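Before I ask anything, here is the structure I am working with.
Letters are used for the chains, namely A, B, C and D, taken in the order the chains are written, and counting of residues starts over at 1 for each.
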């Protein structure tokens, strides 16, 4: 085997999430960045590529140019997959073109702007047999994997209650009106899609809930807020959840929760016990029980299921963080792709895929519709 | 001045909340227990009184007997006030009779079974000028007082978002079917009222929210659960909140949250910062800010408002707990009553009163109505 | 049985520890304060007594007057025991006189100024058969009791390592030079004894270590600090410990640890596991294991030993604090005394006694001696 | 500029610390692994290199072979620096040979087995002008940098007290007697040096103390333990510290602290405030103050000094961990080396160097000597 070759769409100098993708792809030493269309400006794309020590010839002016040019390269040079790290409205087109030209895809979330686009990508993936990873990075944390395994193994019994929250405060003031605000596209419906905070972080909360519980959200009642002056998209939301098995719950997300940094947290209660996880302190899984004291699990610590132990890189007590969890999504994708290249079959990909992308869009769509009906119950479909 | 004399209704041997009232009343050395109708059985009332070192003659067979007998005692012996610590359905009658016979009242929550009863007590209090304290004990914590003062002083700016939860797990199994279950009345609509967990702990969450924010909940959308087999009353609830000033939020409460002990917690977000408090670790107030690091306040620690500093009994770092907060409600009541007995006027009682009791009933009523309409928005009135 | 009657020495208006003793004695409703020599000024003693609702006739001008006068009272009125809450140099004389006149004693720590005085009190206690409780209040916490029981039951195996600390910051500046400083006696060798922080809080650390481990400190190497300008007594100390079974450890205490409130904490490591407890968050016992995840015990929570469960007053999740732990020392004393009055025998008093007082003095003495020998190893004897 | 080229000594498949070095070097995309002598077995070295996607020709059978062969390569291919990740006794020889042949060095700690070797490396570094980074990785955490900057800026005033601990439990049982134990060299004086836990983790505690305080430990009194059956080297230690400015403190480290994972923590008290940091939760810096509430700083959060802000890779609330801190040491080294290659001057390297390596050996030596003199005070020299 060899290192896999990655081409990037987006992620020019100064980009937050593009840099995250690169670092995450680099950690495990299995991926080599070989090319990119880092910016919609050819000049900035070249400059970004240079800062990344790439040859000028593989710094492209557009994703179209990159995909078509790479396709022409010999097998031993050509990129293997595309990593899409652009704003939301720029996910669909490069993903589609990559799949149509035989490239596997890693894509940021939310996957597309509409359910229809999501379904089109699913069709392409099924048709081509190419791999598609969606970077719901929080699924990569060892303690999230442990929570999922404990639920799957019935440790906490049938699930009754879910509480999930994702609280940030960086839009508490009108950041989109500051000239510097590089992330202002998030407040622009044309670039962000139907949802504001809903799409940006609500989808993480939705994905994490379904990932750990193994249950689908069947319906929801959403009360979205637009607290920032003149803001068109939601910057806050409170949602009642009903799960397919009869469990109930709440979701709360916000980008105007003043002082919060990145407070994603989830609690899941079953008939016999419960699990609790906090993204800001990700190396603990708090578990509570009807008849035993509270137990705290840690990565590579005592009592883990293999699904959790296998994604810790270092001994217990040595904290891993956001980048490592992101890297675990990449690693799952790479391991799958390497197996594919070696002609092997993989039963259950461990990373989120195009189907999770569709769930995200269904969630956004249902929440927006519910909110416009004064929080009426709305099914995800 | 002298110690004030307390008579108890309920709270016989083995009672949880009756014992809490006694300990809370004792801590500050300003109250003397002089009599009680501790049980609906005359025999058990006497036995309970004996265990409390009371003379047999003041252990009554019923609250009616107690109130009427004490009324006949000379001024220097007669109880000053009645503490009502019975199950919910036994609050109204003794409260009413006490007020009608000139006794001040301390009453557990929820105050009554119905809004009508609550209004009747308000009318009696206004008519007689007697004092009425409702033991929403969590309002007595120094850090809750600090949170309230910070909000009132505008430190966190206009409030936008509220998250409140009250999670217990002791009804995760069918405890009411165990022969021993002394608290089985909580699952019985005749004794508990319209609400199960809603009345028992949801009202604490409601009261704490309105206490700290100084805002009224204007409407709610409630999805209640009845997870315990054959349970008639709710044992779980998820509620969307809208506050009178436009803020939004969630409330979640449960008595089937397996493994939880008494996890009451609240977070309030304003335009400039936020406050967070956890009952299980009550001696910290976590505050977050747009432009400063997180600050943790402690009882008698640095930077407190007088409203908080004045209710800490011991130096910082010496934790106070549940009983002390309960005692602070009693102390506020006693200070008010002593002032009254000395002919002084008190501007703002610091303890919850009969009006908070009405709010609780309005909250229960709205939540039950909303739930029966599939979580339709329902106003509190 | 009846309430036991307490007379106080010290604890006049404004006193910290006197007020703590009163509240602690009051919580469980088994003790009645009947008299006191609250101050060395007769006038202030009367005023203090009045504020406590005591009759003027039982507010004495001195402890001698109190002890002799109470001795003359009829059996049904006379105090049962004396609670001594004065500065360190005023413990021995009233304790001795009380014992000599047939009164049981509750005494604050450190018990005396010298080992000789401590031995004299032991002799008196053994001679008279009277009870003597030393208020090492931290032994009263349910989680401290759980830790002790776990060690005693061999859960963590043979003990190898101890870490104990007691950190405060209130003497970081020269508080003793401020005119207001009511606690200035603590910096005065004549009133405080050989040790400053050593006697005040080091003894708590020593007592807690021996209480939980069931092991004696055999020798120590102490490096004391006097950081406050012109301070004669230590305000900081770092000590190496060797326990009688070969375990080793560190103790660190300070009253100049700027910003610390009352950070007493202990960790004990055995061959199989370890226990950790923090006074500022006393309702958790953190335990770690060779082959299991970390487990957190809570008062009245799952998995407690009877020794811990029996000293929790309220359901799990309802925090108890400093006063309750103090009250548990009082309750142990009261239960013993009631048993004695009823002619029963008590095998193992659960509260610290005169022998713990001697250990404290031996500890202070050894540490001072070691420090004056440049931290040479010094045996406790 | 181009990526810098790294050659590794040690770090074959299955190695913990070698893998850490590779991941840390990879994260920021500035280093390329080009060759290695991964094992003392030529065969295993080749296999390890293959798993790392290296060409067979650059997987060497020994560090001598690697250094001499690479030296012959053209400038554009040759490695720039050597990363030494072998057991302690194998640090000195490759470091020396690399320096003698013109290669910069990154070396794991403790740097050498003896003070003499350390001084020899210093002489070589000074003579050649080559760079030498010692991977005291904990210095790379943003919150450690913040602590150092706060101390340097006088925020907490003159330092009075230090508490540092480094507690692990993985040697609580006789792991070195298990056939599988790959780390058994740590219990072997010939491979580990004078110190066991002392050298392995005590040196981290020593380095962190001097790094944050900017003060040298002037003397110490060490009581080392050998609790594991038949263990020749210390597996536990308790040390009294005296700092050059008069501050005092304790250090405690252990590898037999049953249940501990990697509990490195430090508290530093000054005249005005204090800082506290825990490696297992590295994204918080707890600060306490004489006159303000406790403040918690976070990476990229509010109120950071540039020294801390500049080493956070991602927005606040997105936790970084062990690997990122390690990577920050590498990044500091790479930035220095790139500057050097571009002919620029760097004033103050931000990474630990050969001088820190000497301090570590002086610390080990003093502690071993003190311990053999029954914990007599011993100067570091």
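Following the convention adopted for this analysis, contacts are C-beta pairs under 8 Å (C-beta built on N, C-alpha and C of every residue); 3 or more make two chains touch, one makes a residue touch a chain.
Here's who's who by UniProt: A, B, C, D = Oxidoreductase.
All of these numbers come straight from a predicted model, not from anything done at the bench.
At the far end from chain B (Oxidoreductase), in terms of centres built from Cα atoms, lies D. Across the two interfaces under comparison, A-C and A-D, the one joined by more C-beta contacts turns out to be A-D. Rounded to a whole number, the gap between the C-alpha centres of chain A (Oxidoreductase) and chain C (Oxidoreductase) is 55 angstrom. Chain C (Oxidoreductase) and chain D (Oxidoreductase) have centres, each the mean of its CA atoms, that are 43 Å apart.
Rounded to whole angstrom units, the spacing between the C-alpha centres of chain A (Oxidoreductase) and chain D (Oxidoreductase) is 34.
Across the assembly, chain D (Oxidoreductase) contributes 260, 289-290, 294, 298, 301 as residues in contact with two or more other chains. Here chain C (Oxidoreductase) touches chain B (Oxidoreductase) in the complex through residues 1-3, 16, 19-20, 22-23, 26-30, 33, 52-53, 168, 170, 260-263, 279-283, 298, 301, 313-324, going by the rule given at the top.
Across the complex, chain D (Oxidoreductase) is touched by residues 156-157, 160-161, 163, 165, 169, 172-173, 221, 223, 225, 227, 236, 238, 240-242, 248-250, 252, 254, 256-260, 269-274, 287-290, 294, 374-375, 377 of chain C (Oxidoreductase). Every residue of chain C (Oxidoreductase) that touches chain A (Oxidoreductase) in the complex is listed here, in rising order: 289-298, 301-303.
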